[in-house]
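Following this line, the structures themselves.
Look for subunit A in each of the two complexes below; its partner is subunit B in the first and subunit C in the second.
The block that comes next holds the complex of A and B.
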């Protein structure tokens, strides 16, 4: 079996000494973490290792010897290095030596106790200690047996390096009993601002938690839970978005430590997305409140609503005639047309009643943009929903009428054929009806059949209008969801520090020569952008129903109401 | 050789014995008809054809304004009352007693018919205003044809559905009634359709079962009346209709009996198994 030695590239110019690291027996590989220089006292080294093992929970041991001889080979040193193997007994004892400026290192193993001292093939793999320590390995998503096996092997190496972080964090100027060479962090002093922020964040988080608990307590109070109010809250997307943001703030400000990498990333993602959201909201606000833009907006809003109403009136007049040359039932057509016209009249008077207050309302609503762009967008969506309420009403009337007709026709068609729907067996059974039942059923069937085209046309036109509004609202919600769910922190990390999110590794051959160990350089493969988004996507409160296209078409055909928000019943399914 | 598969025999599985054709039988279920009986049974078809003819004629007269709705309503009322009395008188009330239907239920049904038809007659009047007359004619003709096809003439067949047949007739009557000039016309037309398509066949069935002679007389009279009515509208139509009636009542039975002689149905051990025993004791 091939023996793999993972060697930190920063140690390649270290002075001679002994190699400490972790031996992974099942993979027959050694992960070297540091080099201990001469001179040292073996007892102190063992004590030190025991301490490290206690802190990091990694079984660190002395794996072999390292000699870096600038001059000619010294016989005595090599003998001494072999003797070291008897002090720190480890099986196999790895001996790596670098001679002068030679590219090829000699590497050998010593197995004192084994019966067959056969020559093992050795592969030297260099790794960047800092990158491997900081990176987080993402196992491949497809769980094919071979690949997951490889991934778990790799993750053992990554894990070893990452857990011995304590080893690297010791201060550069801290004189300990043993002298080590490894990747050296800059210590606490290098990141003084970060440390200060860390200290300051604790009281800030506590204050935030207190405020949040107060707010959520008010929200949860029983006064707001009565029927009409709770119904209203569930239908307004602004409230949903505010609740969502409240949860986010609670996650950020909770003083529990993140348990694993994923939770940490989640917190960071939420924090960055919240920051960017609020920044965009502020930008919007600064644009809105300059040059009396709110007033202009209010001035254009009322004429726009009037214009929509006029267009609707024209549409209804057209429907009351002979639209597209269709032959409709004139009497029903007139009745429906007048009904809807009266409704538009009501709507226009309502809008005009409201018009003096529109500017004030918009001014106060605009302030909410400081809570974030998403909140402002949700408010926009709600305003659209309120301003197109007449279209919604028309749609509901049309759909109810059409639904009634469709269901009536389908059951009367069964009566027409002398059948009926058996509820217990969920099938159509034959049935003998009375004469009067037959007569009235057929009479109604005929009437409904001849009136169906008229109702269907009204339903079709108003459904198209409704779908237009729903699509606009859906686009706004898509934008909100995008801002909510995009893992911005992970994406920035991927862009600037691509090694932090590793998908795997690749090996580059440095030198290859017979009789000398193969030298490879391990490089980290960064996770693809798609993978980043897929792994760290934040969950959203999707308030629109996720109907498939087929079920949507079926609902439209049967005249069932479609809503941009989710039904309560859907959640249980 | 034995005709069993569960015993090992020195013959191949597809071996056919000499005795195979001994069990062949012919025309087991064929029935011998008498000409008079077949002619008598064909009366039901003749009656139904005449009913459709009379209905179409009535609509024609109403549309042309030659028949006032009041007159038709009065005539229909009188004939309905007569029929109602006759319906009970023919079997002496035995049928009514067996079905357990009270006179109050009859009255209620009548009221429901009248009320609904009268209430809906203005709607019926404007129902098909925008639809072309040819479409209405085609639809009515199709529906009346369907009525004739699906009508229960007494045969035991899968196609027979008295419900569907009656519904198609009502649909046709509503379509035709919507073409009439006023709401009252529509109301009278639909009521008349109900009488001729729903009530008249019930009386016929009872007459046929109780007094066959009387039934033959009524059929002949009804057919003559329909022919006479048709003759006032179109003489060619009357001649064609008369030949159709004759063909159905005289020629078709003759053909049936002649063709019955040519029947050659074979039965034998190759038939599918038939469960003859009464299964009720197992269930």
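The block that comes next holds the complex of A and C.
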């Protein structure tokens, strides 16, 4: 069978010595981690390897010999290296030798107890040790739960290199019994800034945890749980967003270290998302408070509300006349029209009452944009909801009236045909009615039927207006969710250090020479941007759409109230 | 050792198949389609710019011209980077796996490596594509739970769509290497 040797490219110019690494028998492959140089004492090498094995739980052993001779091949050295095979007894004993500056190395194996005497083919695969150590292999998403040991051989190699980090901590300048060459043998690299940040993060986390416990204590206090206030908090999307961000802060400031890659990425993503959010919020705030823009906004708000109210009044006058050439029932038309007109009049009076305070309210509310752009957008959505409250009221009135009419009509239609709805059995049964019941029923049926177009028209107009407002609010919430759930840290990592997020590997065939083993270069194949977003998306608190298109149309037809956006905390009805 | 042969694709366009044998268990097969022609590029650009000039003559708005230039440049970059595939290659390394690479006209390469443990077989299948029935080569992936089942079918050479004669050559080369792994595992099991 073919023997695969994974050789780190950093050891290509190392001096002669012996190879240490892991032998994976099921795949007939050897993963070489480092080269131990002469002089060494075999007992000390075995001791050192035993210690490494105990700490990393990776079965590291001596795999073979490596000879890098600047001149012609020396016979005595090769015999010495073969003798080493008897001291360290590994099956098979791999011998790699490089002559001068030649690219083509000769690689052979020594098998004492070989059953098949023929030469097995050897494949030499070069890999970048640092990148493989830092990289995280992502399994393909559809087979996420079914990884047997056989299915992903590459993950064994990545795992071996990643877990042997303690082996790479000794560099060539250390005074130890063994002298190793690996990717860090020229000196362990570290960064002062990173160390300082690590030291500073512990007290910062503790302070943040204290503050957060205070804030959540206040939020959970009984004062805020009284009925009108709790209803208000549940309806305002700003409070949901603030609660969501509070949860995020709690995740970041927890003292427990992240257990695995996913948790680490999650924490980092939340941190970067919060940072960008607050930065954008500050930018928005600085733009708003310059040149008295808040004043301008407040000045245009009241005329805008007036304008909307005037448009609504014109619309109602149009409906009270002969809208689109349809002939309405005069009396009902006048009643409904006057009812809604009076509502608009009330609404405008309230708005005018508030008008002196608008600028101050806006000024203080605008300050909350420093908590983040998402909070500012949620406040905008809530302001829109408050300003169009009368449209919502009209929609509810129109829908209830229409719904009542439809149910009345269907029930009287059944009476018309001599049937009845059996509530116990939940089905339609035949029923014999008295004459006066039939008479009244038919009369009511005709009345309701002829009044249907008027009610239906009012219902249609107000439903369309309501849907318009819902669409605008929905777009704002979509933007908020996008900012909430986008994994920015993972995307920046994919852009700058793409080897950290690996979807797989790719092989490149290097120059070949007859008689020498096959040379391949193993490189990391990074995850696609779509894959990064899908794997590391942060969960949000809302999920939509609540209804499918078919059920939405059914609800609209029957006049049931629609609430298109559902929140995860809501109970299902 | 490398050899090149000319074939035709399913739509009649000339393509070339290049075979290289790197070692006894490693083979590379590359199918190269026709390159982007200068005349089709100039034809498309002139058509867009004539249309833009016509609109400019009608509307007297110079934004139309700048928009046309913008659209041409962006469209060309998107076409070269995401749509036009120059070469599709298959690298079969016995005992490691099969690597499928597509190289785009802008130089971008997208690679997928499938480990040998997941590969059940490489076969030629028939498919109905628009109004034709074409042959295509595909890799069958093993289902980890069911040894007889197939979990996925990975089609190869989708943009160049070679005809049956080319596919048979590729199929024979792949099968020679895949057969080696059937004889090899017995020696592993004895140990």
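Just so we're on the same page, the second predicted complex is superposed on the first by the 530 of 573 C-alpha atoms of A that agree within 3 Å, B and C clash if a C-alpha of one lies under 4 Å from a C-alpha of the other, contacts with A are read in each partner's own complex, and residues count from 1 in each chain.
Simple rule for what comes next: a residue touches a chain if its C-beta (ideal position, glycine included) is under 8 Å from a C-beta of that chain, and two chains touch if they have at least 3 such contacts.
This one's a predicted model, so the numbers in the text were calculated from it and none came from an experiment.
Asker: Overlaying the two complexes on subunit A, which is it for subunit B and subunit C: clash or fit?
Answerer: fit
Asker: After lining up the shared chain so the two structures overlap, which partner does A:452 touch, if you call subunit B first and subunit C second: first, second, both or neither?
Answerer: Once the two structures are laid over each other on A, A:452 reaches no partner at all.
Asker: For A:518 in the superposed arrangement: first (subunit B), second (subunit C), both or neither?
Answerer: After superposing on A, A:518 lies in contact with subunit C but is clear of subunit B.
Asker: Looking at A:418 after the superposition, I want to know if it touches subunit B, subunit C, both of them or none. Which is it: first, second, both, neither?
Answerer: First partner only, subunit B.
Asker: Counting only touches as set out at the top, which of subunit B and subunit C does A:442 meet: first, second, both, neither?
Answerer: first
Asker: Looking at the overlay, does A:28 come into contact with subunit B only (first), subunit C only (second), both, or neither?
Answerer: second
Asker: May I ask you to decide whether A:506 touches subunit B, subunit C, both, or neither, giving the answer as first, second, both or neither?
Answerer: second
Asker: Just checking: does A:432 make contact with subunit B only, subunit C only, both, or neither of them? Give me first, second, both or neither.
Answerer: In the superposed model, A:432 contacts subunit B only, not subunit C.
Asker: Measure off the angle at the C-alpha centre of subunit A toward the C-alpha centres of subunit B and subunit C in the combined model, and quote it in steps of 10°.
Answerer: So the angle at the centre of subunit A is 90 degrees.
Asker: Under the stated touch criterion, which partner chain does A:121 make contact with: subunit B (first), subunit C (second), both, or neither?
Answerer: second
Asker: What is the minimum C-alpha distance, in Å, between subunit B and subunit C after the two complexes are superposed on chain A?
Answerer: Shortest inter-chain C-alpha distance (subunit B to subunit C): 45 Å.
Asker: So in the complex, the part of subunit B that touches subunit A is made up of which residues?
Answerer: Interface residues on the subunit B side: 109, 112-113, 116-117, 120, 123-124, 126-131, 161-164, 166-167, 170-171, 174-175, 190, 194, 198.
Asker: In their shared complex, at which residues does subunit C touch subunit A?
Answerer: For this pair, the touching residues of subunit C are 22-26, 28, 91, 93-96, 99, 101, 111-113, 115, 117-118, 144-145, 151-152, 184-185, 187-188, 190-191.
Asker: Can you name the residues of subunit A that touch subunit C in the complex?
Answerer: By the definition above, subunit A touches subunit C via 1-2, 4, 25-26, 28, 115-116, 121, 123, 125, 142-143, 146, 148, 150-154, 504-507, 509, 512, 517-518, 520, 525.
Asker: Which bits of subunit A are touching subunit B when the two form their complex?
Answerer: 327-331, 415-418, 432-436, 438-443, 445-447, 450-451
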